[in-house]
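Residue numbering begins at 1 within each chain, and the chains themselves are lettered A, B, C, D and E in the order written.
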Amino acid sequence: ADEVTLQLKWVTQAQFAGYYVALDKGFYEEENLDVTIKPGGPDIAPVQVLLGGGADVMVDWLPSALAAREKGAPIVNIAQPFASSGLMLTCLKEHEINSPEDFPGHTLGTWFFGNEIPLYSWMGKLGYATDGSEGGVTIQKINFNVDPLLQKQVECATTMTYNEYWQVIDAGLTPEDLVVFKYEDEGISTLEDGLYTTEEKLADPAEAEKLVRFVRASMKGWKYAEENPDEAAEIVLENDQTGAQTEKHQKRMMGEIAKLTAGSDGTLDEAAFDRSAQITMEGGMITKMPEGAWTHDITDKALN
Amino acid sequence: MTGWLIFALLVWAGGWWLNARLAARPATGFTSLIIPVIFGLTLIAVWEGVVRGFEISPVLLPAPSAIAARFAASTSILWEDFVQTVIRGALTGYVLGCGSAFLIAILVDRYDFLRRGLLPVGNFVAALPVIGLAPILVMWFGFDWQSKAAVVVVMVFFPMLVNTVQGLSASSSMQRDLMRTWAAGYWTTLLRLRLPAAMPFIFNGLKIASTLALIGAIVAEFFGSPIRGMGFRISTSVGQLALDLVWAEIVVAAITGSAFYGVIALIERSVTFWHPSQRH
Amino acid sequence: MKDNPAGACGAGEGQFVSKESVISARQLDLTFRTGDGPVHALKDVNLDIRRGEFVSFIGPSGCGKTTFLRCMADLEHPTGGEISVNGVSAEAARRARAYGYVFQAAGLYPWRTIGGNVRLPLEIMGYDRADQDARVKRVLELVELDGFERKYPWQLSGGMQQRASIARALAFDADILLMDEPFGALDEIVRDHLNEQLLKLWARTEKTIAFVTHSIPEAVYLSTRIVVMSPRPGRITDVIESPLPAERPLEIRDTQAFLDVAHRVREGLRAGHVDD
Amino acid sequence: MRGSVVPVLTVVCGIFVIWYAAAVWLNAAWAYDKAARSGTELSTQMLIADTWSQDKPKLPAPHQVVVEIWETTAQKKITSKRSLVYHSWITLSATLLGFALGTGLGIALAVGIVYNRTMDRSVMPWVIASQTIPILAIAPMIIVVLNAAGISGLLPKATISMYLSFFPVVVGMVKGLRSPDQMQLDQMRTWSASGAQTFWRLRLPASMPYLFTSLKIGMAASLVGAIVGELPTGAVAGLGARLLAGSYYGQTIQIWSALLMAAALAAALVGLIGLIQRITLNRMGMA
Amino acid sequence: MKDNPAGACGAGEGQFVSKESVISARQLDLTFRTGDGPVHALKDVNLDIRRGEFVSFIGPSGCGKTTFLRCMADLEHPTGGEISVNGVSAEAARRARAYGYVFQAAGLYPWRTIGGNVRLPLEIMGYDRADQDARVKRVLELVELDGFERKYPWQLSGGMQQRASIARALAFDADILLMDEPFGALDEIVRDHLNEQLLKLWARTEKTIAFVTHSIPEAVYLSTRIVVMSPRPGRITDVIESPLPAERPLEIRDTQAFLDVAHRVREGLRAGHVDD
């Protein structure tokens, strides 16, 4: 079988259920592939792993992929299983932030690593300064958990619909205690988990053919996961080597993830790409609109 | 491409040859400064040669020339980060940590009960990895420099404590007996005998703590910081694959750390001039 | 037994007390607990040292000379018996700064100059500044180290360091001098010279001196009484009163009286030397 | 030894008292928040009970950590991914390998520095500078570079352990190998001993006390290195992964139990070296 | 000038070469560079030591005795003049393992037992195992340390350690013995005993011995020639041939001939003692 290594953007969780399902259900095997899935984490830049030869394909978010491409990393989007964004800003109701007009004077926490870009773009659109000056907001870097929100170090925090939001709920707050702003609704969303590889691999017909099979099997996995969310979550749990994930959380996460992948057969939507790139550029992550950063070659072959 | 690799090899051989020549000459202030500098320049040239020779992607390892260019272009960012991390975080923590360790060491030394109770427990606490402590301290002390200082305090406390305690018992029993024959009290003995005798150990602790303080402050920023600081910049720049900026920050850290260490070593030289290890 | 030294100017109390016992040990016993069992360092030691006496201790290595001296100075606590100094306990005498102690090794503080080392006990005892200066100058001259006041210990040869340490013990007014092989590291000429100086100082100040040495001629030359000790367990085997006059030029060492005492000491020593 | 039991217990008790008090103090805000949301009034007793039993406390109470450790060690199969023993083992193996490599490198460098003037004068300042580089920043790069070179698994983590542990060994061994005094070296010269003979029969035995002290520091550093190394390897397993995962999900109890486990591991390893030290030095007659 | 010792059994070359020069220094000069300027430790030193001689060096502290011995042993490099040992350079002689050196302090390796310490040079020089055992046993008996082979240095008193270090220098076959105040730390009885032993050994083995001491009687008792040195700069001020017979019981020290030599040495020493 042909070997393929996939580098994830984050730790093993239902966010990547499609790939684990494809692995577990033998979809990769059916395509004569021997797939290794490498979990990620905050200290892993998937692009580095990809370029360093540690992986053949990676999962990444579009803004950071575009930024890497502009920095000289020849990476290309070959498929986009996530149609919509799960990113949102969650505020505690007690701070009385009910609409974007209420932001001034408050502290907004966000992850960095490129995730701050849409937030900065948003604030730019709203016309708020971000340096904590009068009439503006303070932006605070937070780590990938919700403690700062719970402990009131920030008043709003970046969360994912499928993960951090539920951690807030699990901590004992109810949806009524919270106000959420979905990036999707505010028109500032960027494309999330896509599959990327290097130009070099695409240029090699044998490698490209392997990737076609990989994408086909992966999408099959995703669709299976959407239809059987509980089973998918179980599969994810089995593949989690840290032993830190819980069944309740993963099942719930799978349910949310299914909503994000629902609209996609894996083909990149050009309009969404252009909008995402535009937002990324406005935020200053890239200086010019990218060229050749995506291809439909793989998905076209995979889906026919 | 092979040209660059050959260049790297030649520079290496040349640098080594030059240093071997210099090292064979009697030590002077000049040679002891120039030899490591030549060694470092050689390393840098080899690095440049290898990166260009193997055409390593800049998102994996940037060339020294690129790092230097970035350094020159970002001095204001680097300075802002330096102030946040080194001056506010590391230095405050260093002073607080070493100072309190010193005072506790005197107590521990005075009361045997504390020595026997605190030191073993202290060794255990000192074994707590920073990586685990940093997020907790950030949670307790907030995102700003206070939590960095707290991490630094925890990191430097025990090396300093252990060294000081050891130093306080470093005076020979004859020297202590002499004080007894003069019926010198506890404080007199402490000030005139045991502290001076402890100085080499205390400086050992201060030197170890100087590199720890910097690392501690930077690492702690990985776990939460305002949007400035060396650790913040390094961690976010890695995410943005701006490795040239990452390395520029590392250069700042290395220079600062070495300078800090050097300054302590200089003070040590003038305070413990009498110690055999300082006399040749 | 020693006559009162000619021209002695007593240090305050006057000479009428010169026969009074200054240091008195009764059935002194000291056992060290060590890893391989107890070491019986002193056993049943009885001795009285009278004011103004010069008593030497001699005996094979490890017989407890140092230990005995340390008991007098309250640096070691006897496990049996009693020791009193100036009529009070050794500890009280130590607190009253009753003696100067010269250790076997120089033990100078390396971070202080020679002058600073000599000055240290004066600072601790609260002498005023001008007095300190005068005393440092005087004792350094006494041991012929004038001019070396600003040097650090490691800049001096071993013998000079030893002399500095002697100067340090002499700088303040203690009636009792406890000296543990102070001249061991010196060559014969210097040693002779310092022996003479010490005798002069002793005659002039009427101090009480307890002196440990390995050298028989030195013991005989200096002392009014010689205590011979013997090891395992450490005890006193002989106490020899010197018949030599108080005035002792170096040439006295060639007289028959001197050789006789030396002979007796040597015999006493040899008796203690079963082996080693 | 025995004389230390009472003082140690006293100090440990003192720490527990402070710990419990701090737990009340730090967790109170959340307890009040909860009460305010549900509109109940908190008595002091309820407050204390609540602060000592929260799910995700700012500071877990000692018994919560103890229970967690107990549940994840004794009550899980050690092969289970949820067993702390399993994760400790993962970390331990990287620690030991890194420690061995670091000790080897450290001794080799020290020998070079002691025997070669050029190395002595040029390397040492850079060894110091190397330790001022924040390891957390370059750990991912090391992992990626090694991965690119086809090396994965234990070795990349061990490399980071090595990077942290070689430093104390170099410093200690340089001091130790130079500890024979001039006379002892001169003695070897009068016997016209070769360089190797002088090394094996004089310098090396003389350096033993220094070696063991550095090994203890090196071992602790090595463990930190292994944990750091686990973060960028995908944080799949090991105590580092537990710390990290705990921090993503705000599982403070899990963080603390991993933390204490790491400290216990370090203490045990350092204790082991101490034991070997005592035996070796005893047999060498140097204790 | 010394007669051949009675009953000497030459170590190979036989006695017909006994007048040949073994160590020869010509215009030897040595200046140490130190922080506070140069120290002129040896100046214009000329000396020939003949095979089978026993030469003592005496002089005030810091006059260069140790330095001179170290030059012979190639442990110090003269800055002027020449020194040859056995007709070759000092370095070649050292490489040929021509001498045993006893340092001023015992300098035993603490991690080796007494036996192991004595065995060390034998291991380094590649003696075979059985020979090593025999030699260790023999020299330990010679210094009366049989039974202490398995003890560690710190389990012995200072004097015993010093004896072990002497044994170590005697264990292998070196024709030349260089001894730097080997008996400094011992008490008189033990010292006398070892003096006797050393003389016997010398008589038996016909070794050439260079011996540094601070003690005039010791120098006179042991030597065929006594070299008196003087400091600043270190130089030889007197060389005294001993008229004493080869056979020397301890009592010889009470004879007039002995006292005369001792007197001459003392005068020589005193002359060098300008101050210090």
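The rule we apply is simple: contacts are C-beta pairs under 8 Å (C-beta built on N, C-alpha and C of every residue); 3 or more make two chains touch, one makes a residue touch a chain.
Just so it is clear, the model here is predicted, and its values are computed rather than measured.
K.L.:
Among the other chains, which touch subunit C and subunit E together?
P.N.:
none
K.L.:
Could you tell me which chains are in contact with subunit A and with subunit B alike?
P.N.:
Looking at subunit B and subunit A together, the chains touching each of them are D.
K.L.:
Given the touch definition stated above, what is the smallest step count connecting subunit D to subunit E?
P.N.:
The least step count works out to 1.
K.L.:
Please tell me whether B-D or A-D has the greater number of C-beta pairs in contact.
P.N.:
Here the pair linked by more C-beta pairs in contact is B-D.
K.L.:
Using mean CA coordinates as chain centres, what's the gap between subunit A and subunit E in Å?
P.N.:
Here the centre of subunit E sits 85 Å away from the centre of subunit A.
K.L.:
In whole angstrom, what separates the CA-based centres of subunit C and subunit D?
P.N.:
54
K.L.:
Scan subunit A for residues touching two or more other chains and write them down.
P.N.:
In subunit A, residues 42-43, 45, 48, 52, 143, 147, 151 touch at least two other chains, as defined above.
K.L.:
Where in subunit D do residues touch at least two different other chains?
P.N.:
Touching at least two other chains: 58, 136, 140-141, 144-145, 148, 231, 247.
K.L.:
Give me the residues of subunit C that touch two or more other chains.
P.N.:
Subunit C, residues with two or more chain partners: not present.
K.L.:
Which of the chains are touching one another, listed as pairs?
P.N.:
Chain pairs that touch: A-B, A-D, B-C, B-D, C-E, D-E.
K.L.:
Contact residues on subunit D for subunit E in the complex?
P.N.:
181, 183-184, 186-193, 197, 201-202, 205-206, 208, 284-286
K.L.:
Going by the contact rule set out above, which residues of subunit B touch subunit C in the complex?
P.N.:
Of all residues in subunit B, those touching subunit C are 172, 174-175, 177-184, 188, 192-193, 196-197, 199, 272-276, 279.
K.L.:
Can you list the residues on subunit E that touch subunit D in the complex?
P.N.:
It comes out as residues 70, 73-75, 94-97, 99-101, 103, 105, 107, 109-113, 120-121, 123-125, 152-154.
K.L.:
Give the list of subunit C residues in touch with subunit E in this complex.
P.N.:
59-62, 144, 155, 157-160, 186-190, 214-216, 266, 269-270, 273, 275-276
K.L.:
Within their complex, state which residues of subunit D touch subunit A.
P.N.:
Touch list, subunit D to subunit A: 29-30, 34, 37, 55-56, 58, 80-83, 87, 136, 139-141, 144-145, 147-148, 152, 231-232, 234-237, 241-242, 244-251, 254.
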